[in-house]
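Contents: one structure, followed by commentary.
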């Protein structure tokens, strides 16, 4: 057969990004025209201040969770436990900071380690015990908050330690620190997946686990690593959220954030069935979801009905991305003039 | 019928007597109470649970405690299993106000008296329960409103952080507060949004308020609970304003964090909502078993705290 | 032919279909008559499967018309195609593995009683349907508990279970052995006599000449011509298919025959090797620079033997030595590190990574061996991909095309490339030529020989005895999951193998 | 072939049954009056909402999909019925029919999106969950008791079966059992049911086999939507109440019940009967925990661990049965 045109273009980091970006742009355009002051930026106390900053700042935990979630989803799994893991990691940090004489770096390491450990537990269930990911992570989602409460004995903990408060509230180079953290994590993840063979292995395992196994890819290791990494991300997000409100409340922190993270991944163009993934897509997806929320605050949409526009926007973006939808649209356009 | 409250030091013996009177011949029978709690969703709730559990232990009452994790279905199932276990009294804090008639009727059929705590139920037939012990959320809203009216001389542009949509405290605290506003034309709410009773959302929503074009007008903040107020205070600080001065902050609950914030001058007032109802609850239980009739409604000891009282009260706060 | 020329059963005119980047079919005409077996031939990627899928409503055509029995049809789904009397068995087995054999045969048209599925009736009907293809198995067991061959026969039984006018078989014999092919043809002849039109896609020339009445040849998505089998010599057919003079390609096969004793050292030794309940014991050894065949009927345990060696399944008895060293292989990963390579017979499930590109599929095993932290530089990846696309003649728009968009045969070549890129010591090929066209088959045979010449040890599993005899110096024969003989030298003929399989005490 | 052996596919189902029995007997040995009629009735009555929802989820999961909108649809249905009956004085039966119709249509809509535009079910039903929950709050932001005589007397007295002087079998439990029986027939004795299995087994193959894939897929989500709405109706029966925030997270419980019942989340394998037992197992676990008087955070941890234990047990049993199967075939 003679190819009509050569598809010799490798999959680049930006491919598939056009639709999520279009969705985000559309939303921003809406705000530009209808929401006064949405794009207003100013320098207050030496750092940037405005709705846009809020979006990237408050979006950081979702970006961070989303990066871990992207890899998990790319292997054909899902991690429902991230919200609960945030609670555990946050609790550990808050408890340690109140303990006099505990060194701060050790504290950070400890809470990240706890998150990673929780991820390892998920990975253990999924790989060694072959529990389906949805169920395996459901276990920790259900039980995780219980563990966090066990640690705090059900109490809320408040703290004022400047170093810990900085993690979620500080500014560097005029930007909120969480934003810098999520950028750093994006860089790290990209490096980890694209500068090593991990990305290839993740995609192949997600696409066809048996064939990958036969080709010598250790599917267990790959899956274990992504769950552990997702746990690490959840730990980091938990740290940020805890620090952000200078307290930990095991019941509320990260509640339903796992859904936002999954949405971010999907809106970003990574298929839930596994295989190809896009990190930048996830970032765009997270920003999209966050912009939506901020828009609704700005419009004073009551939070109980806020899910309605959110649902509609998500369906719209996913329709735009769906090849089937575009096919049908094209067919419709072709049919209508005649 | 609350005479037992005065027994202070030696509560453990008296109830034994009361139970013995009630049970006639069965002298050694331990009182068994089934209590279904809403959940452990906040520090306030934990303090509430803790108060009930420790009081039961103190009085030698066997407490069957069940946690509904915020779900009415779970709570109904728990109540049913209390019937099956044949407890002497059933007490519970209903998750929501309506939807209790069928199960309360079952309990009534089984001849077990019911004590409601913390939240009331909406039942046409008020013989379905013996008494309700708890705060009056509307009254709390009133008090917050009245304090604010007094503090600002009846002139305030208010941002409101509402509780979880549909929850009784959120509905009633809004209602009580608005009743006060109706009497004070100088006070109006210009921003109102749910912060879901938690700090993160409280902070987030306040951030959004402060970025709206009307932000400059806001002079006061009314939060349906302390957690949201504490989150919002951070947002106010980050916007370069002084909470407690540029924006007057009033909230409800009276948790320790709120007292700390008042001591720091960032929060102006908190209306107490007292979770420590254990003693009152078991007084009522014992009275019921002694076949005494109770008033349908028993209030809880509560007050309003301002900055001036904060430093002094702080060390005594249990929750 | 002449008898029934008046009214063709199926008439396709000007069929066109393209995929992103590929014109799969361009203005193809195709005619099938009543009571004939019509072979559809062409190289890998010529468009045979696509033609069938368009005809049966799986893909929508870009242009062209279909007439069935004179009436214009435009099936939009397999169901609609079936309703007008077109029944199909697709190239890859397309059934539901978890459901029982009976359900797989009757799904969508179960016998019902008062509107409810009649399970007993269904079992009876399935048994009857399978009897038509001479298969007697427990139809209540899940399909997945049976071999690919049985699954394919089940698919055929399903296709025959409706009153079809036109039966389409896309490579129905690729996983059948000689006896089963014979039986299948028996069935087909009977159906032909009943007036059915039968379209058969196959790469086996013998089979074409054994059963087909007419042949249509496609090349590069275009029609080359329609011929009567009797009037088209084999060489002619092959030249039409490959579009060049056949003699150049045909030179390959016999080249193997004259090879002498392999001089390499013994690489693989199996002693009493097996796993009770699965396969074995088997005993044989394989030298570097030698091609050894593994022959037997379907289900005789050839695939299992290969899987034991490669560590997919763990051996329980006996020992395996590699390069003189005793070794226990417990995973494919380890096997690869030891220099082993294995192409599975199940391309769809165990071979391709469908959404990844040709390049990524080719380098995957190599990268896995190199490890996580030593990614192959992009230039090296591309060089490898280009090299193998060239070497194996993989027909693809480029190295970045997703493998799932390649035709079946080209996917097989990509898999071969994956393993060759490893430069293994021992290469296990399980049905490497299944679904590959003559030209490519010859290429692969040639390649096997050149790899052998470079000192590779090759274990060659194939259901085509001719191929085994032609390419191997020694053949181990399995029957009922145990080794029953080993043939070399003059004894190594198709007849010899068949006799050993049949149980004549001819083998040492 | 000759002697009818236990088909390996049924082994997970048997395992589920064994665990159910063990749990029940354990409870009886540990606690007095656990074997009472009341506990048994409570088990069915108290889990009727979950049961109805889980049966819907079974079909969706069998088809290889997932439905996250269950809890939200229950909330929407209940508040819709309550508002219609109490505030607009619509006849209860009419309100219930309307709610069922809306829920079924909602399911069909999601199915159509999933099918026609090839969107992932996880995503569409997640959006469905947001939508239904939001709409529930639009209908009415707070809960509302239903005091109509149809509920107060009809459902709770006339339609309940008096078993003895103190215990009666609630109508909600009757709904659960009836739906269960219908679902059994639907899954195993209708073409639609078998097509759902085929769809979950391998969609491409199902299409090539000429099965009506599109119709089946939409039908599956329609069944799911109907069951969710019916669960909402049953919810109003058990509580005489409508609540827009009702049953948050019920979908996860339903999925857990389905999985415990031996249905594979990947689709194509499973049993309605297993789901029925899974629901009872979840109910028993909850009852046992209440009886055991555990602290709240322990409750969630224990539920998590039990869920895990259960899945593992099933994996072990299936693995063992698989081996059994192999030896049976070859040996």
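In this document, chain identifiers A, B, C and D correspond to the written order of the chains, with residue numbering beginning at 1 in each.
In this text, a residue touches a chain if its C-beta (ideal position, glycine included) is under 8 Å from a C-beta of that chain, and two chains touch if they have at least 3 such contacts.
For clarity, every value in this text was computed on a predicted model and none was experimentally measured.
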item	value
A-C or A-B, whichever has more C-beta pairs in contact	A-C
Chain B and chain C: spacing of chain centres that average the CA atoms, whole Å	73
Distance from the mean Cα position of chain C to that of chain A, given in whole angstrom	44
Centre distance in Å when chain B and chain D are each reduced to the mean of their C-alpha atoms	34
Where chain B touches two or more other chains at once, by residue number	39-40, 49, 165-166
Residues of chain D touching at least two other chains	137, 141, 244, 296-297, 299-300
Interchain pairs in contact, sorted by label	A-B, A-C, A-D, B-D, C-D
Contact set on chain D toward chain C in their complex	1, 7, 9, 185, 188-191, 193-195, 197-198, 201-202, 204-212, 268-269, 325-327, 329-331
Partner chain B, residues of chain A touching it in the complex	36-37, 40, 44-45, 49-51, 54, 58, 149, 153-156, 158, 169, 241, 244-247, 249, 251-253, 294, 297-298, 300, 302-304
Residue ranges of chain D touching chain A (in the complex, touch as defined)	66, 113, 116-120, 122-124, 126-131, 133-135, 137-138, 141, 244, 252, 255-256, 259, 264-266, 296-301, 303-305, 307-308, 311-312, 315
Chain D partner contacts - residues on chain B that touch it in the complex	37, 39-40, 49, 63-67, 69-74, 76-78, 80-81, 83-86, 96-102, 105, 109-110, 122-124, 164-166, 171
Partner chain C, residues of chain A touching it in the complex	1-11, 195-198, 200-201, 203-204, 207-208, 210-218, 275-276
